[in-house]
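Going in written order, the chains are labelled A, B, C and D, and every chain counts its residues from 1.
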């Protein structure tokens, strides 16, 4: 197992990779806290949430603009307009921003976006990976919900063999028979990825569980498992969110999660 | 369940869809037999196999040119050259041809290809689906190896809501805990798809099992479950195939499968 | 894989095992048809169904008396009384009978039962297997819903190493992420079991799918995959069945399934 | 979901259950640390390990005597003799002891055992559960590796409806497509169990991962997820262990795990 890995393997790169994005770093000593709404909905919403999560300690702002939805009849995001609103929030808070990209044809709109996210459904969209490997931006690659750890790192090889070394891994839950939670957060994968690879690993407890009350314990568990950070969906009005409201937490709950996460990180 | 379906649902289209491709039809009375190698490797190879499978009763020739491989360091197919070789085999046998497309940027090379295949890894590549929905060609969509029946048909909605009605569904095995076979061929999904949808359903026992000796029983089981056809990997020299040799059967074995499949079809 | 197998392996027993039970045989030339209600409910019910399925071609009568239910608050079966009613049906139809046993402490009540069934939940109840291995009765062992083919045959080794050679294997669906059907019927496992082992294999489409309309296509697919028989839940009044009504078919539908199954069997 | 639950549900028992076993408690304020070898192998081995883990902070000693093994040809444990050796270790260290029971027929040998463990393979062995529910001893029930949270608590209902209130839940990993780790430790299940039920929950990172180097991060993650304790396989000579050596850690590594676990617990 794992014989096909080259650039992503710790065998060929003993030290942890530390990625610098604007005024923050991912990997290494400090815990990365990515937070924000599932979808960017309005300027007021995103600026409001950005200010609030920054105050609680978030280091990166997230917000979806191009939303890959199971059904074509569901809300598909604000697209370019959403990215522009993210930029405004960035200017007002100085937080680096991350958003999902689903096609290289949209690259021109991502100029001001600091980290390109590749979603779980595109983890094996090798054409997209090959092209993004040529882009000079940090990429956060989410594990496909039914992909093995080995396949995950093989997809990273598509990015890295195209020339991009600044890759962040993200565990966001895998599909199992258990349906009480949306997916099963695979924290042993986090621990194993830290062994096999030198790249930073982030945990997404919001998409993994799909249930707001589980976001805190799974954030803490993610940090304790050795993750370099967490990515959490925060909404100022979860009940009226245009997508994923059920798993979104309030700024107040987020504040509590950050504080306890930092304490746990300090124990390791 | 299945409330979000519109164009793919049998509720809105009671009669079975029958798709005409050149001199053959998919769906309805006749059993569709798609056969050919995993990858097109050379003119001699593809023409040789094409003639042989036609003789045994194949109605469509398959052959991969753009191969989405888990690792970037594996053989990626002959690309355009592979499609040209497929065209030669088409001319010599008059069989319609099917090949996988992984990016709309390649569409220009698919002019002579009769059916565009979207692979399992791209089943939720919605950008690709949206664009292919606008193309005037039949599309065979493979079920993702970890996608539910509902998600499968939701992806079909992306194609159909963009204007394409000629969609073939393909069950090719799902990912489970069982590792004695590569995947688990989900034939109850075939029976259920025939109930819920009016679109033709094809079974791919080669990718599902990954084991040559299981291709025959799973082809027959697929036909008995109500599938409109089978798609089988046939190679004139399985042991030296550039990809998927372990699951490829010989033309001789293929002949036997076709004969028995037609007999079973006649019982239904 | 499969190196630990001894008595169940075809390597050590080339010819198919044929088991004789009263006036019928399992394995070899003839297709075995096991039918009957999920639970024995009353004398009238079981005798009525027995006569009806016999007329359609059933060779063995099934009926549950000890029902292992997920919740202790659900109907647990008629126990000994259920077995007595099965015996009455046996006398009236001359069909051999099969029923599930969940504890060796109940063995005394199974005197007149011809085949002891071990259910999926007890497939790795090794204490039960060891004891049943010493009993002079044919045993039908169901595959656990999350057990591999190798584990399945390893459990058979518990029975056979204790001295019992008359073992029937039963595939009844495995647990996967797909929830449109109750479980996923794994017919590649049937084909593989026939390769690796010499023991007869039966398919249970009723428990696998949990949906009456899928029982016919999955019965036929099971026969086409090479199974030695099918086990089908038939109820004279599915809508008022005390358990598993949703997956039970009527005697009329059963008659159709048997006829088509025999035709398909003749094609192989 | 969860409507069938009665005695195990927090709806009917708001406060956390705290179970007293000899000189220790499970649930509530203190973290439970269960440690010991997979199998009891000799007096020297079990006493040696017992002393060592006690020194590091273990509160309960574990050791397998009746081992349910996939194959009948594998080492099956020392049975009664193993239990006697456990008793010796108990006398010498004053640690309460836990061991797996696979049949009520063995109950007489478990007199001196403080906690009866029911293993994952027997989670739906309802006959065993019903009988153990009548025993006046604490029971630790492991979640089956393919059982849902709801089924897990339904099995608890078998124990509790028979009269036993002292039940400890144990998450030990579920079976998924991922094979880099033996199973996938489902920590969202831990968080959810703490919400739905009032019973204490223990995490077993050793069986879940099957890999010694992952035991520490998964122990810490388990504690951070809200578990009331951990159960860890410790061996004084992992390389020569008669079973599960690959996942056993040394007393030295165990000491480190306990210290960090307690620190994390203090953050919550």
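What we mean here is this: contacts are C-beta pairs under 8 Å (C-beta built on N, C-alpha and C of every residue); 3 or more make two chains touch, one makes a residue touch a chain.
Every value quoted in this text rests on a predicted model; they were computed, and no experiment measured them.
*Asks:* Since subunit A and subunit B are copies that touch, is their contact same (over half of the numbers shared) or different (under half)?
*Replies:* Both copies, subunit A as well as subunit B, present the same residues to each other, with over half of the numbers appearing on both sides.
*Asks:* Which one of the chains is farthest from subunit A, going by Cα centres?
*Replies:* If we average the C-alpha coordinates per chain, C ends up farthest from subunit A.
*Asks:* Write down the chain pair with more C-beta contact pairs when B-D is set against B-C.
*Replies:* When B-C is set beside B-D, the one with more contacts is B-C.
*Asks:* Counting in whole Å, what is the centre-to-centre distance of subunit B and subunit C, each centre being its mean C-alpha position?
*Replies:* Once rounded, the distance between the two centres reads 34 Å.
*Asks:* Starting from the mean Cα coordinates of subunit B and subunit D, work out the distance between those two points in Å.
*Replies:* Centres of subunit B and subunit D (C-alpha means) sit 48 Å apart.
*Asks:* What are the residue numbers in subunit D that touch two or more other chains?
*Replies:* Subunit D, residues with two or more chain partners: 146, 175-177, 179.
*Asks:* Sort out for me which residues of subunit C touch subunit A in the complex.
*Replies:* 146, 175-177, 179
*Asks:* So in the complex, the part of subunit A that touches subunit B is made up of which residues?
*Replies:* Its residues touching subunit B are 4, 6, 68-74, 102-103, 105, 121-122, 124-128, 130, 144-146, 151, 154-155, 157-158, 161, 175.
*Asks:* Quick one: which bits of subunit D touch subunit A in the complex? Just the residue numbers, please.
*Replies:* 1, 146, 148-150, 174, 176-181, 184-192, 194-195, 208-209, 211, 213-214, 217-218, 220-226, 260, 263-264, 267-268
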